[in-house]
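First chain A sits with chain B, and in the next complex the same chain sits with chain C.
Coming up: the complex of A and B.
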């Protein structure tokens, strides 16, 4: 269906815009910025902040005959409304005239800001929102610059803890009601509400049982510092943090995120807009995905038989053992598409069988899907597996016990938790490559430290079969090796070929040329590329219907 | 094109160097009888003018309250990256808990500091002040990094005229507490 378009006029210039959208969105689509606090593209319109006031006019008609009035030059006569209207709550109409830069509109904005700032504590130096606060930005851009208010400011509750993870400061609140609307509409539970009236209005929290795995989205939604994240409270000012575009590793939902770091320490993870995947939301549990890569959990130095050794020596020994034959590879759904592609090549070269384990948990029907690995579909696309894997590696255990497998090259997975016992560790050589210590790394013959998903670039395929890219957010630890580099070293030695270690981009280009469904994926944009999934229609994936996702029948 | 500057040849008198020696001796003789300007540093110390930019320190107000709220603007503005603030929360049972934020640690690397005074300009609380200390010595790099306690000990007290925090607290008490 072709979308209908209407002609509007913004500040004297004509534009064609999509019909049915609000004046605010229409103006934004043609590059005219209208300030707003309470409007949120994914929530219902409240129209409570009055920041987006503009002057709107429509073609005038003769009251008696209903005919269009025309000016002497033939153009329609425009009747402007005597008072400004809110741009977020008014839809565009044919020939609508919108004025956003007149003195009247400017004075509206200035007055609205003056009202909002009357009782605002102006404690920006200690506010965690400072630097990304809309009130700060607009006060700077549209405000009068100084206060005429000399009375004492209102006193409201400060430092109220909500569900153990949010700090509410009612004095900073501008009563935009975004948090109320988010909880009612997205979570489906009333958590916040207004109490009292007029300038004494404050946000109140209902009861004690108001926790939800999506509650922290109100912190991102809050245009001011009224709701701040407890875990991020007074940790770092936002302007010191560098951001990297990333993808949440929590589940196959593939939530687009932004990782905020300073000097190789990750301070927080926030959602990134992708209207086809997660809108602007993410789960609370996904925000703390970086915490498992805390230094105390990391595999820091390469080891052979539990004694530390040089990285290149460990890689050489791993190659020697792998060359003995009887190799089995344990891949996983956290590996990037590029790494899985190289594993497939390595497995072909030394005719090793690739084993994988599924990690399935409860699906919440929103942004945490049943498959708790971000890239299980990548393993199908790269040809590592053709059926959805079992939760344990029973097949591998059987093969070891039958004597067919002499060496297990294990990536990230904890074999002991997946059905292998210590006897199997004796009968086969286990080479563990991973970023974290686990029970497998404790008893493996060779341990090689790898990089976490925050320390590399790559592609993942989410539950919609959307290929999405993530970027390196922080530098990897000194003694870790890039998985592509490790796999290239193995390939070189095992296949007796000499080739340069390819970059991620080179692998990506090769992959796009070799795998038919990935032909458009050499250069994936920020919103990802949806690939043809008809080849995998027969696979039974565990995900249930959720936000922007419908499982194939 | 190079410009050739013509050099004047010296006269006979000039070539003897005698007038030059005489005028040099005359200057020496004059200074013999003038008052001395040399300062016998380090036995004698210079009198520093007000506004002198020496070592940056942290100050408390006349109530003994630490003024810094660890907003980290000094850290941001510092051109030589000498300042490192670790923000923290004020003990909720303390008298000034309503101010909420204070530095857990405040480090100034005196080897990096260039005494530009931008931190003092940027501070919204007038908590960091450049003092008159100019000779900073230590026997290791680590000792050149001044921490919070040392900075407060060096800084002393700077009475606060505005006392915005007191106004906030008094209003809260008047309205029946928080």
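Coming up: the complex of A and C.
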């Protein structure tokens, strides 16, 4: 279907824009900003904040004949509406004229801001939203700068705890109803609602049973500091945090996120807009993925036979053991596409077999899919596997017991939880490479600390077969090794002495030239690249239908 | 010409020996029109309403025929008719008497309208405080249903439509048609944004809905009986029919008076029919159509243009009682609830009272009205308490200007107009009051008598 376009005029300049969208979106698409509070691209229009008021006009028609009126120069006569209209609730039409910079429009914005600030506590210095607050930004940009209000302010409830993870401050609320609409429309359950009337209107919480795995999205959606996340409250001013574009590792949904950190500490994870994947939402559980990598859980120093050693020595020993032959590699769905590509190359060079295990849990039909690994599809694309793996590594256990496997090079996975017992650990040398301690690292022959997904760059392929990139958010711990570096060292020692450690970028270019479906993926933009998945149509993936996702039949 | 009443809608009101029973109504020829009308084609009936040029009596004065014409008949969704009986505008009390004394007139009107627009169901949204009215309507509908005027197979025509009565929850904004629809559907009485929620297309339960006032619906059988042409000849041509004027405030005989449009002037209404001001007093101001309309200063004079271009001067008491004449004077008849104020009224206190009403009744959905009404109320209350500042006068005007025209529903204007008109027309009183307060100064301000104007 061809996208229809209409001609509009914004502040005297003509533009062609997509038909059927709101004036607000159309203006944004041509670079004219219209401020708003209650509008949200993924929720129903409320039209209540009145911040986006603009003057709109349409070609005038003669009342009697219905013909278009023309000016003396032949251009159509424009009849501007006497009252300003909301840009979020009005759709563009052919020849619509929009004025966003007149004195009348400026006075609308100024007065709305003045009204909103009347009963607002103005407690920015102690508000967690400061720095990323729409009210603060707009008051700065469009406000009058001073208040004419000398009356006393409304008093409303503060510090109301919602579902144990959100703090509601009604005094800061501007009654935009985004939280109400989000819960009703996205979660499908009424959590918030308005009580009282007029200026005394406040947000109330229904009952006790209002928790949901998506509730924290209302904190991102709240344009002011009325809803703040309890875990992040008073932890850090937002302007001290630097952000990195990342992808949520919780499941194969591939939710686009933003990781906020200072120093080497991650303070919070918030969703990042991608209209083809997650809109602007993410699960609450995904927001705490970084807590997995708290220092006490990390594999901090390399070990050989449970005694700490030098990193280079551990790598050398691992190489020596691997060279002995009978090598099996355990890959996983958290590895980046680049790493999986390198493993595939290594496996080919030393004819090792690659084993993988699936991690399947309940699919919530939204943004947490059944496959709880972010990159299982990458293993198919890089050729590590051709069938959806079993939840346990039974094949590997059989091969060890049959004596065919002498060394297991295990990445991240806990072999003990996947069907191997202590006897198998004796009959084969286990080299464990991972960021976290687990039961396998306790009894592995060699342990090599790797980097977490927050400490490296990479590509993942989500359930839609969309290749998405994530960036390093924090620096890796000193004694950890980059997985590509480790794999290169193995390549060098086992197969090809002149093999040089490639950069992530070089691996990507190599993949693009070697793997047909990845030909456009050498440089993936922020919204990702959807690749051809027809090759894998026969694979039984466990995901169910969800937001922006239909499983192939 | 002495002012005379012409009771058409109020034909049974306050008549000796009349009661709300169906026997009385039928004995006076009631439900005749309904049984005749259901035999006529619907298009013809709608055309009659359009021909009558009847304007809605709820306050906005939108032509009823046009409202019905806009109904989306092609959507395949059921059409609903909602009778707006949520009479909450201060100063307005016309519908109440019809419901209490002549409910069958309203029911016949509703059924006639339902048949004409082929409604699937009718609703009466009655003001919550009219508890007795609710019971009276329930009883009257049951009576009418028993006789086949409501419900299945009305008057043997094969057309079926029932009436449900719903009580409001005591909120002014429920009288706004989209707010009423939200409330009737079970939500908060939040007016809806247009587009897309035009009642004629996406009204109650997102189906096409006609929302009409009680008095408007009572006109429907009259139009069907007399013919649209004949009704359009009653009163003045731009606003045909009669208006029920509910006069309250400081006059000798407050009450409701049904008058043909344009048949007499505001002065004749207040002096001849209502007996003039209380003894020894004189009129100072009058609000013509419910508290939301702009106030008129009694000594105001307007320059009115004749159709031939000449200009003449019109005093307030000479304004003819029709919508166009009030429009020429910068105000509107609204719902015809006249509030008369005499020289004992302090205009600042009068506005403080109104502002408090609007601050209390603002639904709180959109910003300007939610915050602005309370701000205006706090300013006027502060002036009344003795702490006025000269800049408050312009501030009030400016706040009202910032509300006006920028809200979701028309009640933003309704809250802003009284303040705008009051401040600009009685500025001298505001200045004088504040000047005296400042002259008194200190603790003496707390004694209201120290700076009272009257």
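To be clear about the criterion, the second predicted complex is superposed on the first by the 552 of 553 C-alpha atoms of A that agree within 3 Å, B and C clash if a C-alpha of one lies under 4 Å from a C-alpha of the other, contacts with A are read in each partner's own complex, and residues count from 1 in each chain.
Keep this in mind: a contact is a pair of C-beta atoms (placed from the backbone, for glycine too) under 8 Å apart; a residue touches a chain by one contact, two chains touch by 3 or more.
These figures come from a predicted structure and were not determined experimentally.
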Q. Does chain B (first) or chain C (second) touch A:413, or do both, or does neither?
A. neither
Q.
Looking at A:236 after the superposition, I want to know if it touches chain B, chain C, both of them or none. Which is it: first, second, both, neither?
A. first
Q: State whether A:153 touches chain B only (first), chain C only (second), both chains, or neither.
A: first
Q) Quick one: chain B or chain C, who's touching more of chain A? A) C
Q | Touching partner for A:482 - first (chain B), second (chain C), both, neither | A | neither
Q: Kindly classify A:194 by the partners it touches after superposition: chain B alone (first), chain C alone (second), both, or neither?
A: second
Q. Which of the two partners, first being chain B and second being chain C, lies in contact with A:339: first, second, both, or neither?
A. neither
Q: Considering only the touch criterion stated at the top, classify A:119 as touching first (chain B), second (chain C), both, or neither.
A: second
Q) For chain A, which residues belong to both interfaces, chain B and chain C? A) 152, 154
Q) For the complex, which residues does chain C have touching chain A? A) 171, 188, 193, 195-196, 359-368, 370-375, 378-379, 382, 395, 402, 405-408
(Q) Quick check: in the complex, which residue numbers of chain A touch chain C? (A) 45-51, 53, 82-84, 86, 89-91, 107-108, 111-112, 114-116, 118-119, 148-149, 151-152, 154, 174-175, 194, 196-201
Q. Which residues of chain B touch chain A in the complex?
A. 69-73, 75-76, 87-89, 92, 98-101, 124-125, 167-168, 171-172, 174-176, 178
Q: Name, in rising order, each residue of chain A that touches chain B in their complex.
A: 121, 124-126, 130, 152-155, 157-159, 233-237, 239-240
